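Per-chain numbering from 1; labels A, B, C and D assigned in written order.
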Amino acid sequence: MNRYRVLIDANDEKGLVHKVSTVFYNNGLNILSNSEFVDKENDKFFMRSVVDGDIELDILKKSLLDVLPKSATIQVILPKKKNIVLMVTKEMHALGDILIRHESGELEANILAVISNYDKLESLVSKFNIPYVTVSHEGLERTEHEDKILECLSNYKDIDYIVLAKYMRILTPKFIEAYNDKIINIHHSFLPAFIGANPYKQAYERGVKIIGATSHFVNNNLDEGPIIEQEIIHVNHSYGWRDMQKSGRDAEKMVLSRALKLALEDRIFVYANKTVIF
Amino acid sequence: MNRYRVLIDANDEKGLVHKVSTVFYNNGLNILSNSEFVDKENDKFFMRSVVDGDIELDILKKSLLDVLPKSATIQVILPKKKNIVLMVTKEMHALGDILIRHESGELEANILAVISNYDKLESLVSKFNIPYVTVSHEGLERTEHEDKILECLSNYKDIDYIVLAKYMRILTPKFIEAYNDKIINIHHSFLPAFIGANPYKQAYERGVKIIGATSHFVNNNLDEGPIIEQEIIHVNHSYGWRDMQKSGRDAEKMVLSRALKLALEDRIFVYANKTVIF
Amino acid sequence: MNRYRVLIDANDEKGLVHKVSTVFYNNGLNILSNSEFVDKENDKFFMRSVVDGDIELDILKKSLLDVLPKSATIQVILPKKKNIVLMVTKEMHALGDILIRHESGELEANILAVISNYDKLESLVSKFNIPYVTVSHEGLERTEHEDKILECLSNYKDIDYIVLAKYMRILTPKFIEAYNDKIINIHHSFLPAFIGANPYKQAYERGVKIIGATSHFVNNNLDEGPIIEQEIIHVNHSYGWRDMQKSGRDAEKMVLSRALKLALEDRIFVYANKTVIF
Amino acid sequence: MNRYRVLIDANDEKGLVHKVSTVFYNNGLNILSNSEFVDKENDKFFMRSVVDGDIELDILKKSLLDVLPKSATIQVILPKKKNIVLMVTKEMHALGDILIRHESGELEANILAVISNYDKLESLVSKFNIPYVTVSHEGLERTEHEDKILECLSNYKDIDYIVLAKYMRILTPKFIEAYNDKIINIHHSFLPAFIGANPYKQAYERGVKIIGATSHFVNNNLDEGPIIEQEIIHVNHSYGWRDMQKSGRDAEKMVLSRALKLALEDRIFVYANKTVIF
């Protein structure tokens, strides 16, 4: 018996739930969980089901294709560990949180490698027997540097997600297109507030009473990709910007770990620069 | 064309979603939203759908009865204002919040009356042209007092919910049975901590760093009914118990208003002394 | 015996706490609470004390003036109800929350009047025997309209705060200067995100997972005044912008009521477009 | 020039701030921060100051002793890394969070050792070159087992804090007295709810909508010591108790790390089974 995650999106029309559930029923599949959402503004239907049963993946997919409209995108996924590569710069908190979760076995992922533009975190990563690759940007044009990273990434097959765990350099469209919808980032602010450099300093200057962090997919516009998770921490006048930065790290690692977990469990649809999350 | 809320619970078995969605499809109904949950521990299935279409309520209900197992409970509800009675003692915040929401039109409810064991809040309630009935408990046994309230309630037909908006007296089983699953209460603590009298004083004595409030249905055991909503507020050593009480009022009115809204929108299933909320 | 709130800010220098506490001690005053903060970036000292004792307000103020440096601003305040005027447009939730808190006696304030550019909320306000003045903006230039409001305000002596409880028109610099540091506003977003019109629609378009509200003093730049309080509410993909708006109202009324309470208790210093709050 | 943390508690009386600040002033000390609190119920005064200046620790302490009443407890502390020992059982999340914070240098602490009743976490701890001591409880009476741990602890000089990072065995009064006010624990619930074994299962059975975690000092009564920090996570009907447990781990590690940070920075007073935290 197999367990599948079935993710369907389609232009909305009457009968979609009926059609899908009939396929499940006729194939003797048991529904363990089922979530649906219709985006009325865009007449778009989203459905995620987890089903158990005695059927081949391809047959299930074909059965769904046969009854669903042409607009439908259908994913039938056999849950297994996904392959991820982490990219970092110098800060340890988000990386460390993922390494510990990985070590404890709670992450449905294989960490293929950690890539950084500095060697600072190598000693931490190597403790966990995970390859660490330093690709320094010293003396390189942005595109030259990225080409070296892309080359490095090309050594790893079947990368499901690239996780920017405080990688502090801007990616070019070329890089992003190469891993479209596969790059997860944390921005260290409550987006869309404080886009750009040193958001904690901006937040401090503005005198905010709450700081935040946002995990999101990366698209062509810096800090403007589809948001996955946001979390906040209350602050007050006694916080300088470095205090905000320190406190903010707890929010940062939280939103990144939650986003990664959602992605690994195939719970996220990306649509219209937003996410639908079940 | 009508809009219905359909609430179904049943012992879990294969094909329930298929059966329900087939009924919807065959009757030309459009699903606006759909939520399902299976309580695996108890093998219990819950489903709430909102559907639009050209069908009589009774026919829809019968169509569902025809295909669903005997264990199923089926509610087909035409959304309309529900009838509620509020019960209060002396505190104004939770009552006031409901009165303002009612006045603004955001509440899907008619407030039939406010009943209190004191006349203190009459001047507020009468501003809103809502009947206020004082049923003093002075000199009465608990059951005598309740009988008078029950008599008073018997003047109002089709009460959907009785909302205890800081009604500070314990209800007897007789009263509760008369309005089974229809009485919503706020307890001024994060249940099950600080059951019983003066929870803020208990919380202060214990030196907690968070205070809370809980809205719940009332059953035979005081403060032990199915929980609907909980909210908390951070406090610190500078809060005396009266400060906690004052801050706690904001949490109290929030959880009560949210619970009432969920009840009025038919979003709550009660099962095994818990709630399933869609 | 009197109770005073003493608020001091000054350029920071060694010995300020010593000097102030010596004045208190020599005058036989008992310190009930005491808070200090030094803004190291600007070398600015802030102190708020509550003291009890047998001394005249003017003598206490003079004693402090005698020992403190010239840069010091000293306020000695006898706690009493402050005079406030509310300004609203059409929405009831923030106004209603203040009216109920006022009615319950928890607000240290007299509400002198409610001014609106519509008559929609008159029926609510008049229930509470508070004057309601409609100053329509129909057919008027912005400055003409504001002049009429200023004229209306001039009828009320000793206004301590003007509270914009969802007043949906932009104020001109002239108006703001007339009530400098006395105007408290709610912005219906987590500032500085979504400045300007219809922030909930902006938030929806951006696909945020958290919405917020901000209370702040009003200065010349719209939505850029010193922030007093911020609060957030978690949302998800199922929220349309009107759902965000509805949920956001709870955050809006919360941040406004908390800001008003802080102002009425003389707990806020405004400095460098920020607030220091004790 | 030295920097000191000065912590004073005393029976409240007029002039305490004056006396302390006069000592600081007369000795040319600069106050960097200052916090006071008076517990009116118990007439108890608490003050924590951070001061800079050119004075010996003993002289500062003596100067304060000379002016303060006999009831005063005075601590003058030169900030430096404190010595801590961690105790764990099998779960990795809280331990891992502390190890990463330690590795990143953000913790003002030396981790002398990790002691466990199982060897399960040895491979993690040894990556960080920190001694790991397994003291199995197999076949031992509780007191025998504890004596072995006490013996093991006696190898480490000047232990400031013992941190129970999910150490799942109950400590006896003998052990607790040996390290009075030095043992910090996490309880995996929002105390005082769900005292005792498997609180997540209790929480699930009760149908709560919020789960929590509490960090506290350990005293003789299990789970009843002075609370340091509490945090919560919202849950819903779809969470089984193991889901609650998984989500709860994030709250657990957060409250423990925050409590540890507060302790290392000498910000906590313990009094009347509560904490005053500056």
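Observations, loosely collected:
Here, a residue touches a chain if its C-beta (ideal position, glycine included) is under 8 Å from a C-beta of that chain, and two chains touch if they have at least 3 such contacts.
The model shown is predicted, which means the values in this text are computed figures rather than measured ones.
The interface with the greater number of C-beta contacts, when A-C is set against B-C, is A-C. Of all residue numbers that take part in the contact between chain A and chain D, over half occur on both sides, making this a same-residue interface. Averaged C-alpha coordinates give centres for chain A and chain C that are 40 Å from one another.
Computed centre separation for the pair chain B/chain C is 35 angstrom, with centres defined by C-alpha atoms.
Those residues of chain D in touch with two or more other chains are numbered 33, 37, 238.
Across the complex, chain B meets chain D through its residues 37, 39-41, 190-194, 206-210, 212, 226-232, 236-238, 240, 272-277.
Of all the residues in chain D, the ones that touch chain C in their complex are 14-15, 17-18, 21-22, 24-25, 28, 30-38, 234. By the touch criterion given at the top, residues 33, 91-93, 96-97, 99-101, 103-104, 106, 124, 127-128, 238, 246, 250, 254, 257 of chain A touch chain D in their complex.
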